[in-house]
């Protein structure tokens, strides 16, 4: 099952500076085969087979706990569809085409 | 890795009546060993080992797609901690104790 | 516009013990008129007019920052519908009726 | 109170093609003063004063219901902080600087 996902990992019990943890998580994603991902200002979009996506998120938890983060809360959105295949890049281009049509 | 999670599955491309799909998902959870779960008004709380929790959510997607739902968007929150073990029931009782202390 | 919502407030830059903050937020809700709310293991369900619900969540942020929390991340789910009125209690009873039918 | 937010609006009871609704919502944001926003593959990041951000999201609900969408579920993440001011663009640049340091 292919999934287009988004996730945001929030470290709890650390300082308010989270960018080092986000960077560590990005390196986990960079080392993961079979997924496509892109960071944005409030999280990271990623897509791939369900197991690969979930495994990548789990390794982010493992990595951050290994860095000493005592508690994590991660919000994940998982989109699956059976009507037709879809990739992340199409979602944006489809909206942008509609915006261009009506401007 | 033990996780306390919450998830809400939203069927897209169906009618506005979603309770039949939520019920189907609850039956998936009831048939899953190794997790503890409880439905609430806007989703379902569940806890267990990471793989068991994720597998249960995946089977909800499989089941709903199998019922003809063409597209699903699921929001999941995943809480893990290494400072001490915790179960869902303690989270509520801890807050309630504090509310009672100060009332 | 009536909304059935759920929210989870996550303090960042504090200790891992969050129940005191959740309790403070529950007291904010208890002091809010025009909403109905119920805490669960991973957040709080609430319903009412859009402005009342949003104002309650904002006052939670105000209150927790006032307690010294330097950073907050809150996840909110907002459900609105125009096809028919609905209350939280009906969402659960509708699912439970379907579960009972098929058991 | 300044907030860095993210939101994803999910129409329920429509077809599976959602890009027209996302485009309508983007036009609402384009017509809103006092916010900064950027669409991504799974939602839209936006920042501004709490009331302006919340009002923009509410007008998305109004607009989509006005287009005939009978039911909406919107997931919003709201980040506030009192330790220092922050803008969305800094969040990304801070992570990217850390990734560059260690590559």
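So that you can tell them apart, the chains are marked A, B, C and D in the order they are listed, and the count of residues begins at 1 in each.
Basically, contacts are C-beta pairs under 8 Å (C-beta built on N, C-alpha and C of every residue); 3 or more make two chains touch, one makes a residue touch a chain.
None of these values were measured; they are calculated from a predicted model.
Visitor: Using mean Cα positions as chain centres, tell me which chain lies farthest from subunit A.
Guide: It is C.
Visitor: If you average the Cα atoms of subunit A and of subunit C to get two centres, how far apart are those centres in Å?
Guide: Measuring from centre to centre gives 25 Å for this pair.
Visitor: How far is the middle of subunit A from the middle of subunit D, if each middle is the mean of its Cα atoms, in Å?
Guide: 16
Visitor: Could you put a whole-Å number on the gap between the CA centroids of subunit A and subunit B?
Guide: 20
Visitor: Do you know which subunit D residues sit against two or more other chains?
Guide: 8, 12-13, 16, 70-71, 73, 75, 77, 79, 81, 83
Visitor: Touch graph of the chains shown: is it line, ring, star, complete or other?
Guide: Chain contacts: complete, every pair touches.
Visitor: Within their complex, state which residues of subunit A touch subunit B.
Guide: Per the touch definition, subunit A meets subunit B at residues 1, 12-13, 50, 54, 57-58, 61-62, 65, 69-83.
Visitor: Quick one: in the complex, what on subunit D touches subunit B?
Guide: Within the complex, subunit D touches subunit B at residues 8, 10-16, 18, 70-71, 73, 75.
Visitor: List the residues on subunit B that touch subunit C in their complex, please.
Guide: Per the touch definition, subunit B meets subunit C at residues 4-6, 8, 16, 19-20, 22-23, 26-27, 38-43, 45, 75, 77, 79, 81, 83, 88-89, 91-92, 94-95, 97-99, 102.
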